[in-house]
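To start, the structure itself, in structure tokens.
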Amino acid sequence: MIATIFRRALYSLPIALAVSLFCFLLVHIAPGDPINAILPPDAPADVVAQVKEAYGLDKPLPVQFGIWLFRVLHGDLGRSLATGRDIWPDLHSALANTLVLAAAAAMIGFPLGTMFGSIAGAFRGSWIDRAAVVLAVAGVSVPHYWLGMVMVVIFSVLLNWLPSMGASPDGSGVWALDWGHLSHIVLPAITLSVIPMGIVTRTLRGIVGDILNQDFITTLRGKGLRRGGLIAHVVKNAAPQALAVMGLQLGYLMGGSILVETVFAWPGTGLLLNNAIFQRDIPVLQATILVLSMFFVGLNLAVDLAQALLDPRMRR
Amino acid sequence: MSNLVHVRDLTVKFVSRDRTVHAVNGVDFDLDQGEVLCILGESGSGKSVTLRALMRLNPPTRTVMTGTLNVGGQDIITASDREIESIRGRSVAMVFQEPMTALDPVFTIGQQIRETVIRHEGVSKADAHKRALELLDLVQIPSAERRLAAYPHELSGGLRQRAMIAIALSCRPKLLLADEPTTALDATVQIQILLLLRRLQRELGMGVIFVTHDLGVAGEIADRIAVMYAGRFVEEGAVREVMRHAKHPYTQGLLGATVHEGMRGKRLTTIIGSPPNLANLPTGCAFAPRCPSADAACLEAVPGLDGAFGAHRARCIHQPAEAMA
Amino acid sequence: MSTTRPEGYWSGVFKRLKRDKLTLICSGILLLMLIVMIAAPLIAPHSPYQGSMIRRLKPIGFPGYPLGTDELGRDMIARLIYGGRLSWTLGISPVVIAFTIGGMLGIIAGYAGGWLGMLIMRVTDIFYAFPSVLLAVAISGALGAGIFNAVLALTLVFIPPIIRVAESVTTSVRVLDYVESARASGAGAFTIVRVHVLPNVLGPIFVYATNLISVSMILASGLSFLGLGTKPPEPEWGLMLNTLRTAIYNQPLIAMLPGVCIFITSICFNMVSDGLRSAMDVRN
Amino acid sequence: MTLAPIPDRGGPAQPLLLVKDLSKHFGKSGSVVRAVDGVSFAIRKGETLGIVGESGCGKSTTSRLIMGLIDPTAGEVIFDGEHVGPGGLSVAEFRRQVQMVFQDSYASLNPRLTISESIGFAPRVHGLSREATNARVRDLLAAVGLEPDQFAQRYPHELSGGQRQRVNIARALALRPRLIILDEPVSALDKSVEAQVLNLLVDLKAEFGLSYLFISHDLNVVQYISDRVLVMYLGRVAEIGPVDDLYAHPSHPYTRALLASRPSMDPDHRRTTPPLTGDPPNPVNVPSGCRFHPRCAQVMPKCSAAEPEMVKINADHQAACFLAETVPA
């Protein structure tokens, strides 16, 4: 088992390295001299020279990558062009807010998707199944940024029940668990939960349907097991795959919340990214994407390990 | 009515939106306690469906059953789901063809035996575990304690099938149903499983219904053989009678087509054509289109089984001269 | 056995599709939208660009402007029709390009295997380490706004998943006995791929790609919504949704219209893709 | 181009196919699967050589190695006196002379091609004109007992298993090969259809002057169709000999066990004890010495120490067992 963990962790190392290479190159695919992507256009000449030296911009690309990676590994993600401040503290609080939002959306989307999907899979061809399929297709087809606006129109503009912007009543970027903050998270969380709900519904419908079609289900029925006994078998067989899908979806929620955060002005990584794009603040863009994708790589590894833990056939 | 199994005019249909498949079309037989009946037939003959009907294991939403079907005094067709569930695995148990897919891959062998015992006898987990150990011993699986903790994929094909049999025997059933249990196994393993089943049947005094396509396997284990074609028994009788003095042209054809020792250099007799479409059966004898001795009379009505129950009888109006296989 | 006329694979697929009403309705809607967009100059009552300060944000049903006007007083019908042209192009072209490139690479990886297949698949793995929205935003964010950059970014997002599907389908076909038997007949790799592999793998890859169109429509409009795709004053559904955000207090219904168009397109492509999949499934 | 039958070269005494020390090891160091390990045999002109063995014995891998569908780890294939490979008979030319029929009749046919296109594929690849190919396809369909007008334009899913296997045989014949490798060709068929296909194979062999390599797990079928039989166990040859001699006087304990495992077909003389216990072992960890020794009833101390050489029992019959003795002719 320990060997498995070690081997899989080892396999994600080159991936992590390649991901950081991609993020490093983002600065270089941006049009113009990379120095202009790192420094404001009005930076004095000596600062330009100093930064060129520090980043090794006059050296060949592989060396530059080495220097950049070294800095990143030591926690130096660079400075923002727009504010001139260190990126990490801002990114840190934004990351926390995104995590809160993603977790809230997952807590809505996953259980609902699991419920709809399992019921649909268990009763293939029934009206419940058809309703769940329509719901799932609608969930994955809806432009969620538009859905966010619809929610705002209905619940904020027309009914005036819930706030439409920000993460907290006082406008600060720090989230806490109380009613004021909760009311702010309701609309963005519901909006964000629609896609994972659709996907989890679809996947679980497939998984449960497939399991119920397997020969061993006939064996179990032949042993006289009642519904409760059967459910235990279905759950244990479905768990590894279901977990994998949910893990990936959690990652997509983290990385994909940019549109919803923009609609609701939620002070997370998405909003940070949006502002960075708007101000062409490439260092912030780079740092945010690096951190989010590293998170995703780690999540993938965790999902892999959890799967191996749950499925005896994958332990090797 | 003291038979363990009593079946009269059993039909099983699978109904879907597009078509109706007549899988079983009037099967009659009795089985006594301690008797072994082999249902012999080719793919699509309805032999597995008949077997599953005895436990009502065919897909519940699409299956329509009619006739009389009585197992251990319980009417299977009219019983409630709850009654069926308490019969399954307790008084009637089944062994399947492919143990790899018939066992749950993410539960250990031990868990899969214990849950059956606990389900039907409500014993403690420790007692169920003790029973599981005894059962592995009974089916001759060595180092039982270790094997109980193993998952199906960790066992060889032969051990998996033994584990499957242990599960089936876990509540000492009166009737064991076996659906081609040796077909997926290697030759040297097949004979081990056959001999094991024969010994267990004798020791436990079970009635056994054994479905196979292999005449040789039937010859090793059966007391009686029923030959099935297009959802009907076309011939039924004691194993020696059927194998040596087959009455029905289909059985004779099957015997002639089965390759065995001493046939080298001879031309094999074959049955021309292929089996009928079960969604669209002919009105008369279903075998008539392939039968060498068929005539117009064969197409008029389905021939009945001649003779009394338990006797050697065939569903043919011509009953051609007895032929040696 | 009856002597029915032999039936090819595709005629069977079409026969099954004809029975699937939902798929037919959705294809009909998509076809109708396509015709309207192609015939835009003939159908649109006004120019999509010409605005007027005195006609700003007129409600639905306003005389001469059945769907009202936007925040610059431009006719919503014209902008929605012309916007569809751009949105569809932005949504569909990345999938088409990715289908071509990714399909080719995936089939090569699946059929050739070896170091080449390994290389292709490992590079694909790297792209899988990014959530798709993030990847699209990262690439087009670094490249800057513009239609070309948005299409490029989305193409890069869709190539890896298509490669994976193409590779796995090809690998499963390659080991089938009929391909082995074609190899045993002495045919060259190119002939085998053309006659035996392509006809059996293109269908599933194509179905998967149609499924991606729905995602691509949402992402493409999303990029424009973020200001990364089209630039004003070009009409594009995502961009329109963004600029109309200011109007959600006084004309909420008009502000929602572009999103409705994206939603309908996306859901129809999804339904058609599902319908195709089950029609092409031989098990049915 | 006419794709005429290829004339014989070395005369009747020269074996049609000679396999020398063929090996295939899968996997990397640490867990090597020795699927085929030093297998040698000959197929004579006009004969049927049967290969029997249980799952994992390497019989299917052997057939794929001969066909060149997988690359051997070691060994050589000689066809009619000529080495197959660089410097000898080209693989393309070899494949014109050797063809294969697989077990799964459905997976063996491209679902998108008509029967006629499937059979005509190989001749077209080898440059036969469209007209000549069509004529040949019709001849072949007739030869395997399928009415050309009725079947040529059909698709595989419209045919029964037996009909599909006839099509596969026709396809294997399309290049006028001299040797056909049949890998479990009747195992997936019902008994009544199996007999039809076996009769057909016997007829075609005479009609086209073929030799067969017939692979099966079914001892009865192999006995029926073969002239000589080769028994494989865990990637090695256990015994090889003329069918009557081998079935009547098996010299290897494994062959004896295999033969004794067959159902008796006589309810009055049923088997009473299983000839072997346990399953065939996994080829990942092969036992030392004689690979059969852990299951062998007559095991001796030296069996686990050294691997037995092939012992000549008589002119044509050999077994790899220390207990096998030469019988004076």
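Just a few scattered comments:
Residue numbering begins at 1 within each chain, and the chains themselves are lettered A, B, C and D in the order written.
In this section, a residue touches a chain if its C-beta (ideal position, glycine included) is under 8 Å from a C-beta of that chain, and two chains touch if they have at least 3 such contacts.
Being a predicted model, the structure only gives us computed values, none of them experimental.
Listed here as common contacts of chain C and chain D: no chain.
C-beta contact counts were set side by side for A-B and A-C; A-C has more.
One simple way to say how far apart two chains are is to compare their mean CA positions; for chain A and chain B this gives 53 Å.
Chain centres here are Cα means. That of chain A falls 55 Å from that of chain D. Annotation: 23 Å between the Cα-based centres of chain A and chain C. The multi-chain contact residues of chain B, meaning those touching 2 or more other chains, are 274. Counting partners per residue, chain C has no residue that reaches two or more other chains. Taken pairwise by the contact criterion, the protein chains form one closed cycle in which every chain touches exactly two others. Pairs of chains that satisfy the touch definition comprise A-B, A-C, B-D, C-D. The touching residues of chain A, when paired with chain B in their complex, are 214-216, 218-226, 229, 233, 236-237, 310-313. Those residues of chain C whose C-beta lies close enough to touch chain D in the complex are 3-4, 6-9, 176-178, 180-188, 191, 195-196, 199-200, 282.
Chain contact summary for the complex, chain B toward chain A: residues 55, 57, 85-90, 93-94, 96, 98, 101-107, 115-116, 119-120, 151, 153, 164, 167.
Note for the complex: chain A touches chain C at residues 15-16, 18-19, 22-23, 26-27, 29-31, 137-138, 140-147, 149-150, 152-153, 157-158, 251-252, 254-256, 258-259, 262-263, 273-274, 276-278, 280, 282, 285, 289, 292-293, 296-297, 300.
Within the complex, the chain C residues that touch chain A are 125-126, 129-134, 137-139, 141-144, 214-215, 218, 221-222, 225-228, 238, 241, 245, 248-249, 252, 255-256, 258-260, 262-263, 266-267, 269-271, 274.
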